[in-house]
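See the structures that follow.
You will see chain A twice below: alongside chain B first, and alongside chain C after that.
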Partner chain A sequence: MSLPAEKKQSLTPSELSFIATSETVIEIVPNFSMGQIRLLSGIWGPFRPPSKSRVPLWLALDLKRRKRCSIVAPEWLTVDSLQERLKEETSNGRYADMPFRYLETAKAIIEVAGDDLDNAALIRSLLMDIRQARQTKSREGVIKMNDTGMAMTGISQLEINELRPFFVESFGVMRRLGGAHIPATLSQSQIPRSQFTLDEDGWDMS
Partner chain B sequence: MSWNKNLSSMDVDEEEDDMPTIRTADYSKMTKSFDVGTRAKSLDIDELMEEQSPESALSQLVRSWVAERGAPVVLEWQGEIVDEVMSQIEEQSKIVDSLKSDDRSTDEEHFQLILVQTEVERAKYVITSYVRARLSKIEEHAQYIVKNPSTHSNLSGIELSHARKFWRLIETHYQMSVLQGLPTAMRGLEDSHNGKSMVIEPDLDRAIFIRARRNVGQVQLPQQSIELMKGDNYLVSFRDVSYLIASGAVEIV
Partner chain C sequence: MDFDSYYSIDSIIADNQKVPSEFLTDVPSLGWLQGGLDKDIKEGSKVDLPYWMSSTLALSEYDFLNLSIPGAFSGRVSNALLASPTYVKLANLNHFWYSFGLRISDLLEDNAKLQQSLRLAFSQRLIEIFDLGQYEGNVEDKSFESEFKAGMDELEKQLLEHCSRSAAKHKRL
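Showing the complex of A and B:
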């Protein structure tokens, strides 16, 4: 009712894309002059060509569509860097180090500002290779699944979303099958707090 | 938070400005006076942003929305953040309106207005998405919420009264359409049989994907202990980490 069924299981790709364009900050080279602009997301600018300005991705895409800026490709979204990551991805069992929202960000930039990238076609195919290599790893990771917790270090937001319905369901089934060891009323107070260490930010659990 | 500081620093600058203000709002002037304010406070804008907690209320709301969609239960109502974003939207809309009706606005101001309006629309979308994600769970678990006062603290006043009204409607509907034709012993809506209750409860053991927002260190799960460092992703049961979510150490993704 308040949420359609397909949205109950997971966020939708378009929602993720919206989030990525809100939360990612990117560099642009404006071709217009304008002072600072105060937005809900912060204060951006001033815009003085040819110097670069940092703006949220949605703003960069909006300006690009109006032909008022060119987008500076993030360091990781270049042929050299992606080739490096692909090598790492195929030679190593872990997920290579990619930005958390790399797929959504890359898709938006390639779609709107492909002409600002060096060799957008190659970048796109490299990204697809990386994505495939990572998907294979995710599938292999299913074997390691258990009913208490599973590390997924390096996985990106969109990949989490793809796995979510299946993993959440499997997790539930495994719990039901082997769940005898789990106390039914494990409350917060029963979790030993002494297990926690003070981290470098000086953050204390108590 | 930083927003309020911007506002206050701007107010001060406006007061110091002896020039009579003819127009109700002047975007370039407002941003310019803000500029002066920051310079006076600190030389390095990055450093300043770092100190003032760079996360905007809008970003926090986005995170709450994502968390709400992932969590099996209704999480704590983020009233302060919602109010903050709402008042920011109102503020921006006022500026837009006054500049729009003023035909002396410059082209640059008009252009800024478009951008401001675009973002206001995006912010409205985030607010409705957040509220809807909660509403969906509230309606699903209306009976459970009404019968369990311990869940009430996570709901806003409107949400709680909605849950009550919603459940009353459902209850009345069941009574009128079916239950009153059945023997009295079969009319209950809260019976339990073999430990299985008729009340739909949220599944606290449901798996969620979490991401550590800072270094947490050792976390004890029922069968294992995990090391949670900033940026780590884990698939865990909601129940096992709910206290970390409440403290903001991890986020649901």
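Showing the complex of A and C:
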């Protein structure tokens, strides 16, 4: 009750980054030797340079800040793979296949361990381009919105979170107005076809 | 967006919007409702009454009132909406156009057309609200943007506020 309105509706971006850093697992190359450690999230290690170990992202970031390891960039966070994704994103009507928390993870890694990535600046701008391309698709989702439902396969956590307040409320209004089944001549002709093709029940079956 | 929540201020104000009504009986001592100096309301006199009063009186078992559809939901408006949903200034018609419209449509027997134009207006204007929230100021057609903003009803304003606040929060990658 006493929470401000915007916190009731969705999580804040910083809460999302917190979740991402505790849930994502990432590879590091430590520069110290240590046995296994037991944490709430499980048993991690052992740490034997120069072999890689898998740790939660928050631990990797903390070790990196203390200069105790270097982070191995995840497969998808490289110039080549991002360029491919961007191509897929701009040529296809669907959301390209990105990790669910790609924005939060990428932001944390670029901020703390930019020097472990090849060409962090380019990666950053590629990520921006991908995000913009995906925002265009979310916009098409708004055009296609109706009161029964909508499938947006492949949308990521941060993007859902951004759209949630607006979408939830518009759905509520549409429900109350009794559905947005406008005559076909008005709605269909001017709207470009996209992934949000709906069958009679309003559900995306593609 | 509470259309009929007990605690929602917006729904209270929407209940207070005026409906043109015609009295079918004489009512003694209520002449002040008309704003004039007459002591009584005569049969056949036309008064704009708030929705909460007129709906109760019109739906009661005695025929107190004849209601007519407010100008904001007239045929002219629905034709204008058909022509171009985004250029109609809802705020000039009524600041609570959607919630008031729903209330009016509850009173009507043949409400399909009114509901249709409510739906049409909302679903066609939604994308403009989203664009305003996401990309305000980055659009080439600035005059359309400000015109549209001036014509938004309260419900749309709330939606826009949520949209732009959320967009601002999530802008930094």
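Just so we're on the same page, the second predicted complex is superposed on the first by the 174 of 206 C-alpha atoms of A that agree within 3 Å, B and C clash if a C-alpha of one lies under 4 Å from a C-alpha of the other, contacts with A are read in each partner's own complex, and residues count from 1 in each chain.
Just so we're on the same page, a contact is a pair of C-beta atoms (placed from the backbone, for glycine too) under 8 Å apart; a residue touches a chain by one contact, two chains touch by 3 or more.
This is a predicted model, so every value here is computed, not measured.
Novice: With both complexes overlaid on chain A, does A:I160 touch chain B (first), chain C (second), both or neither?
Specialist: Only chain B is touched by A:I160; chain C is not.
Novice: After the superposition on A, what does A:E15 contact: first (chain B), second (chain C), both or neither?
Specialist: After superposition on chain A, A:E15 lies in contact with chain B alone.
Novice: Which partner does A:L122 reach: the first (chain B), the second (chain C), both, or neither?
Specialist: neither
Novice: With both complexes superposed on chain A, which partner does A:G149 reach: first (chain B), second (chain C), both or neither?
Specialist: first
Novice: Quick one: classify A:G172 as touching chain B (first), chain C (second), both or neither.
Specialist: It touches chain B and chain C both.
Novice: Looking at chain A, does chain B or chain C touch a larger number of its residues?
Specialist: Between chain B and chain C, B touches the greater number of residues in chain A.
Novice: Touching A:E23, do we find chain B (first), chain C (second), both, or neither?
Specialist: Only chain B; A:E23 stays clear of chain C.
Novice: Considering only touches as defined above, state whether A:R38 meets chain B (first), chain C (second), both or neither.
Specialist: In the superposed model, A:R38 contacts chain B only, not chain C.
Novice: So chain A touches chain B in one structure and chain C in the other; where do those two contact lists coincide?
Specialist: 10, 145-146, 164, 172, 179, 181-182, 186
Novice: Hey, which residues of chain A end up touching chain B in the complex?
Specialist: The touching residues are 1-3, 7-8, 10-11, 15, 18-19, 22-23, 34-43, 58-59, 62, 100, 145-155, 157, 160, 164, 167-168, 171-172, 175, 179, 181-183, 186, 188, 191-192, 195-201, 203, 205.
Novice: Using the touch rule from the top, collect the residues of chain A that touch chain C in their complex.
Specialist: Chain A residues touching chain C: 6, 9-10, 12-13, 103, 106-107, 124, 127-128, 131, 135, 139, 142-143, 145-146, 158, 161-166, 169-170, 172-174, 176-182, 186-187.
Novice: Under the touch definition given earlier, write down the residues of chain B that touch chain A in their complex.
Specialist: 2-3, 6, 28, 30-32, 34-35, 49, 54, 56-59, 62, 66, 69, 85, 88-89, 92, 108, 111-112, 115-116, 118-120, 122-123, 125-126, 129, 132-133, 135-136, 139, 203, 205-209, 211, 214-226, 231-237, 239-240, 242-243, 247, 249, 253
Novice: Show which residues of chain C lie in contact with chain A when the two form their complex.
Specialist: Residues of chain C touching chain A: 1, 3, 82, 98, 102, 115-116, 118-120, 122-124, 126-127, 130-131, 133-134, 155, 158-159, 162-163, 165-167, 169-170, 172-173.
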